[in-house]
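Take a look at the structures listed below.
Next come two complexes built around chain A: one with chain B, the other with chain C.
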Partner chain A sequence: MNSKSPSNSHTSAYSLSRQLGVYFLLAIVFVVGLLLVLNQLAGLMGTATQEAQAVDIANNSISAALSEEPPQLDSSKTTDASSGLVLGHVMEGLLRMDLKDRLGPAIAERWDVTPTHATFWLRKDAKWSDGQPITAADFIFAWQLALKPETGSEYASLLYPIENAEAINSGELPTSALGLSAPDPQTLVVKLARPMAFFDKLVVFPTFLPIREDFYKATQGRFGSDAEELLYSGPYVIKNWVHGASMLLERNPHYWDSTRGKLAQVNFAYITSDATATLNFFKDKRIALAGLQAENLTEALRLKWPIRRFADGTVFYMEFNHRVDRLSRNLNFRKAIQHSLDMEELVYKVTKLPGYMPGKSLFPEWLIGVEKPLREEYPASTVDIDRAEAKAYLELAQKELGLKDFPEITLLTGDNPVSNIQSEWLQEVLKKTLGLTIKIDKQIFKQRLAKMSSGDFDLLLGGWGPDYNDPLTFGDLFASWNLNNRGRYSSETMDALILTAQSATATPDRMEAFGDIQQQLFDDVVILPMYERGITYVVHPQLKGVKRRVIGASIDYTYAYIDPDA
Partner chain B sequence: MLRYTLKRLALGILTVWFIATATFFGMHAVPGDPLSSDKSTTAKIRANLEAKYGLDKPLLTQYAIYLKNISQGDFGISFTQENRQVNDIIKEHFPISAILGILAIVFAALGGILWGALTALYRNRWPDSVIMFLVILGISVPSFVIAAISQMFLVNINAFAGTTILPVGGWGTVWHMIVPAMVLGLSTMAYLTRLMRSSMLEIVNTDYIRTAQSKGLPKTRIFSRHQLRNAILPVITVLGPAIAGITTGGFVVEIVFAIPGLGRYFVEAIQQLDYTVIMGTTVFYGAFLVFMVILVDLLYGWIDPRVRINP
Partner chain C sequence: MSEPSTTTWHPSPSDFAPKPKHKSADAITRPAMSYWQDAWRRLKENKRALFSLYLIIGLVTFTLAGPYLWTIDPSAQDLDQIGITPGANRNVTIAPAYQPWYGPTNELYYDDDNALGLTLVGDATSQAVRLAWKSTLRGPGSAPYSDQFNHGYVIYRTLFALEPSDAFGLPLMETKNHFFEDRLDLQPTDYYYTVVALDSQGLETGQFATIALTVKRVITILEAQQRGLTKNGAVVEGDQIELALHPFGTDYLGRDMLARLIYGGQVSLFIGIFAPLLYVLLGVIYGSIAGFMGGGIDQLMMRFADFAVALPFLLFMILLKVIFGIGPGESGVLPMLVAMVILLWPAPARLVRGQILQIREESYVSASQLLGASTNYLIFRHMIPNTMGVILVTITFQVPSAIFTEAFLSFIGMGVAPPTPSWGSMCNDGIKSMLTRPHELFFPALFISITVLAFNLLGDGLRDSLDARMRNRE
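Up next is the complex of A and B:
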């Protein structure tokens, strides 16, 4: 009809669209009805997120976001940062890091480490969230649990310094053989398998948190999976946990230390891995703290937000494959690359991410040596970036390897924006300076891990975050026996230094060993340190006292408070 | 009809079995495994973990155990959230995705039909051009862009109003659903608009419309009873897969608006190679898709007698 009489079709289209308008109104009525029904349904499911307000002065509470659902709050098995953040608020162990990042008392009021034993004296007023006292038996149970082969705890190896721990974890001895004893409920005596001067620094790790046996057994395998399936020893308890949506923390009335837990509530109101969405929640005054990405920085500056920076303690580096059949095994080849790459250029001109520092050493700047930072006591060596020298090393390598031309070099990397920029920069610089052709092998997480373990690379972009506050958490990485030594670097000198660092009892001797490890890594070009990662973030002006940590809860609200006058 | 239904259901079960089998072997063929992580564990600890999850057994044995378990409706425990049953994850999070999906599909279907009919009425005139331009945008702009833009828009509206007009994210009330559902349904709506438009234009030239016109029926009656009703048929055909696609494909919207739906778990499980969650969600979604397709086919026969199959 439209095609036959165009003049007529104008008027008919109008009347017909009026007809359509009636349908449209009906559709709206239908949608509104549907919305009401769905509203009821959603309400019935009990999955509603807590009402969020960045800073709520009347109720002394704040809201924040988590980047992912904490997957494992069973401290004997936990490994990830998100669970670590929550556990840092709701649990407390023997010792903890204080506001100045020094090791301090927690449930243990004092402690002593000798070459054969470590002894912890527990405070009498430390209580679980149900009011019962926390005793040495709770630690013994938790540590035995982590070592049981059936538990399958990934971090069980952190307990290996305790006598018989390794044999128990291998199923060769019963858990009762573990070198722990409690002469009285407030004293825990640890018999060490070998001298370990820094055993006290280890016990800060979540694997060492206490678990009470009767409660654990009553959860019947669901320990830590829900708010009521966990017994708390820290300043907060989980009041309400909606999986994938929100987690509400409330002050633990039985907690002993009145200097922590000043906020009545910490409401993790949103769980999302999207940084832009998190920032939108911050702008909407729903949350009190949000991380900033490079692309949000200009806006943050324009809005005059106070921007804060923090080095999160993780070091990133390029690893070489030292396996026999790889040309990256050649020292002069590695030196050629070492003399070509200017990490200051990478950090300040290429990635340009705020808070990042050019890498100079495997040991990041925050690690403490004997008294001062380790890097002040043992400064890292550096090379001058020199194209001619780099070329000379490459020619030497070519001669030694008997190559006519260099084949394509494979660089294994993750698939994310930061890695992409870096690997393209590497590709370009190495092409320009050395004439090398780099093939970038981008892989997603698990596939990259598989290739890292099987050694399917020449160069690898890797990194390491600390587990405990001692240089050894980085220092033993390139031991020939360490499975995280993905390039399979193997040197007797290095192994001997690492053994000293592990077992020497005097701190100066250990720190000297770390200084030597740092030098050996440099001389032998085992790896090339690239950068230390930084984080920038914004905090609501009325929220004070938020502590950022390198180890444990990366964001610590346990000392935070609201300042209404700010 | 009953025999046809039963036959379709039997074929559906076979399809689900095939999906389960293909996913199982495909997943195990992917390099990497659920137990690997940034930090390597010792050989002993790895062996403990493998024994715990039965990964130390031969693949075919694992497959047999697995089939036996899912036939009893047990998907096992998650690798990443060790203390949670995959069944619980689906039970808790699918209803949320479903509610969001229903709303999105209603937006998409109603919008698609209305805009499609409107563009057909105003063919080659300005309402047609404007809507078709928006349709192309809706189809080609990826949902994470639209999600981010609409969220930013909400932040600005709230800031401008000085109070919360609509929440920027979260879940629980109808106000949390509207914008995410629109974003989620947008590309389907755009697709349906195009489909509806071409289907309307095709029908204008059919014999029965001409018959109706020559009978002298009023235009509005021809439009609503003959043209619109017949034009909707192809739209209904694609609705089945679209419903499944929307309810399962919401992970971007779920992450941006911090909605605790199942889509997130589905995608994260694949990244983490969380075998049990991958299998659980894939089989569940597969069964859901198959069921929706069967349902639409049966519905189609009911709406359009021409396609009804004789027993």
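Up next is the complex of A and C:
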């Protein structure tokens, strides 16, 4: 036997460590070599991805990333944000929001809304991307299509202000009964089911975009599913759509408005929801715009990137469950929580996300009232955060509910990092201040939606993004009949106020109703506003005129241009 | 050839008496040692294994005795010290409570060394930084200032000194006011604020002003009292005190890392040690029965093990949670343990069965059998000591995998429920801020690594010392 005796452990340990050292070195050399070879190979094969160039001055083109692939681009059915973004570039409706977020003319040169009718006069030079004129018939067809029960449009209810729309959508009347008429090809008359002062604000929504009947029928059910299956009315057309990978937009030669579509091409070169990947594309100068996360912020500051800020219009709030068997139905219980949670602490110290603003009201700051912002005309009430007072309210609630101890409270929330931080902060504050035990129920979106609808929660972290530019998009949320009122809050005062806001014709009356709704939400502690979301992002210095929007395309490149001198 | 002796021998009865019994024979053997005594003696000679053993005992003591020595609540949030590193400066000044600010009230002296007269109002504290500036935007010609020409301002903030033509940093707010209050995540460090005037199109003009300032960390008397920071009696405004000590820093919600490591260790070590111990034990029993019986029973048992391997772990985890009646937001550690035990035993069972099959055919087992050894003797004397190496190696490799399984399940909300920490869930939280605050990932990862390494080295040493075959080599 020539093997070493185990008792000679010093020598064997030494030789073992030397052997290990050699193996380790070999392993490192191998890995480094492999990396180099792979890098070379990737360089040889990856020419296709290297074509994306953030700003291409010679071709007057830019590259960007889409966070998600649009499921389809049939405007009568669309619901999601990324479809909204693409449709905002390739389609145009009757009216649109201008650069200052005011309602402005688009295909309709002028318009008029009376309590009974809305009339739109279409411009003569508006053309489809195949050169044919856009007429009132295209709108009538599109709106009838969206209301057909077999279309299954989720946003069909936006069309309900039109006469007979609701009955058509439920299949009680034929589509021809819809209250639309076209005295001539350039005039569209809408008969309203009830007075609606802000009907013109509604038509900005994608569901109101035109669709031409002969083209739609020729696609045989494939309308909107691919680049060739769409007819465009906007400043761009989809030149190339590689599903799941990229989308190339090119200027529409038949588009009427020369102030839009300055870039010859907008290349959505990447489709990825990974924020870090997007930021790395920006770092590598592959794309011209990228969102910024809290963890990348210091790096962005150090690299001195031009950072922009934008409030995306979404409000986040905590909802209470007002169903009969829940203890959150007790007003004093809700008031106790209202007096314990300092949303400024949450926004400024805990989540620390730049661009976020502490919530004070269901109505975000950007909504316009009569003349000035609604929140300036009707300031929101606030409470002082006071431990003793909160405790007193809780004791009152305990007495009213006849409870010896409070049971565990369930907080339903999402499963993303921001929700985690918020719910853990909330859990600790409510434990420290009120001695309540909070159970955090983290759920993915679909599951959360199911639980929200069935009322399987005490507290709920929710949010609402606007569908159109009127306070009513938020204001009717807590009507007893609204299915998005997840806590099933029901009050006659509130319902009456919402009816006023919906049907009053004079703007000051409506705004006063919104002011009252805001006060009622506060007095009755229906919800606790938490924050208004903000977005920080970085833009290539040579790309100018990118517009961020609260409603419609969240990123709008139609006014963007390249400034080679910057 | 010699003659035989002629002397005759007459046996006497005493010759047939039994020899007297000796109490002890002259011992010429080495001291008798039991199997375990011998194993322990050899383990003691292995310095690495012994050190690992002490390390494991130390870790267990750390997590069990820790709560009595370090009495900080692991879920208490110190919002003044979010994400601080170990050894960070803890000085804080007592200041009056925060009051909302609606712009400068009395006549303010504006700095005139910048374009907008941008001035810091009051002290720059971690409660708020208040800025005010003058409007220099005027109408055409020498028309006086009028609100009509005020198109608003953008306020930027950055952490790095600005060179000409640099981007100004993070935009905080657009306002038409001539003052601004910043309260967003103010840390005791240097900041550079820039105010840029906008034109009628809402675009930035070339008119801007930058000031540099250093933020001072402050706390109110009430907060200091509530957090027990006023050790020796009363404090007044302006006093310097120290914030709570966090030797290992804090996490993203200002929770003490040391306390979380202690409490997190309880969960992680519990799962990490008990789950493998239980399912390896189950596997050993199952595998040795199958291996020892052999034949049809072995076939049947092993096919059942194959079936158990094919069961999806996550699905069983969910089913068990339902069976145990554990709702969302409640700790799922118990079903996790049960799921691991009923699903992960086949791997050790297979290993042990293979070993037993091999040992069964060894000649010393046959010899033992021929000498009449009972089945029990065979199992305890020959089979188990010879498979001990495999079993221990399996356990030591299962410990890290169990810790990581717990981490993964906590991450998807099936394991520990917040705010209960575990090392794995702390790693998952820390990885998000790995680049900015590495200590949040480093410490739990370090503890997991130490535990895993210690178990591996100990297992290695145990295998050597428990292996009966190595006994004769000394």
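By our rule, the second predicted complex is superposed on the first by the 516 of 566 C-alpha atoms of A that agree within 3 Å, B and C clash if a C-alpha of one lies under 4 Å from a C-alpha of the other, contacts with A are read in each partner's own complex, and residues count from 1 in each chain.
By our rule, contacts are C-beta pairs under 8 Å (C-beta built on N, C-alpha and C of every residue); 3 or more make two chains touch, one makes a residue touch a chain.
Predicted model only: the values in this text are computed from it and were never measured.
Enquirer: Regarding the shared-chain residue A:Val418, is it in contact with chain B (first), chain C (second), both, or neither?
Expert: neither
Enquirer: Kindly classify A:Gly152 by the partners it touches after superposition: chain B alone (first), chain C alone (second), both, or neither?
Expert: A:Gly152: touches chain B, not chain C.
Enquirer: Touching A:Ile307 in the superposition: chain B (first), chain C (second), both, neither?
Expert: A:Ile307: touches chain C, not chain B.
Enquirer: So, does A:Ala227 touch the first partner chain B, the second partner chain C, both, or neither?
Expert: So A:Ala227 meets neither chain B nor chain C here.
Enquirer: Looking at the overlay, what does A:Leu396 touch: chain B (first), chain C (second), both, or neither?
Expert: After superposition on chain A, A:Leu396 lies in contact with neither partner.
Enquirer: Spot which of chain B and chain C makes contact with more residues of chain A, would you?
Expert: Tallying touched residues of chain A, the top partner is B.
Enquirer: Looking at the overlay, what does A:Ala182 touch: chain B (first), chain C (second), both, or neither?
Expert: A:Ala182: touches no partner chain.
Enquirer: Check the residue A:Val383 against both partner chains and state whether it touches chain B (first), chain C (second), both, or neither.
Expert: neither
Enquirer: Looking at the complex, which residues from chain A come into contact with chain B?
Expert: Residues 1-3, 12-13, 15-17, 19-20, 23-24, 27, 30-31, 34-36, 38-39, 41-43, 45, 47-49, 52, 65, 69, 71-72, 74, 77, 79, 149-154, 156-157, 166, 169-170, 221-225, 229, 242-246, 269-274, 276-277, 280-281, 283-284, 286, 444-451, 453, 467, 483-484.
Enquirer: Can you tell me which positions in chain B touch chain A when the two form their complex?
Expert: Of all residues in chain B, those touching chain A are 30-34, 36-42, 44-45, 48-49, 51-53, 80-84, 89, 92-93, 95-96, 99, 102-103, 106-107, 110, 114, 117-118, 121-123, 148, 151-152, 154-155, 158-159, 164, 168-174, 176-178, 204, 209, 213, 219-220, 223-224, 255-261, 264-265, 271-273.
Enquirer: Note which residues of chain C are touching chain A in the complex, please.
Expert: My answer: residues 75-77, 79, 82, 158-160, 166-167, 169-174, 183-185, 202, 252-253, 327-330, 413, 417-419, 432-433, 435-436, 470, 473-474.
Enquirer: Quick check: in the complex, which residue numbers of chain A touch chain C?
Expert: For this pair, the touching residues of chain A are 5-7, 100, 295, 297-302, 304-309, 344-345, 347-350, 352, 354-355, 410-411, 415, 417, 420-421, 423-425, 427-429, 431-432, 438-443, 536.
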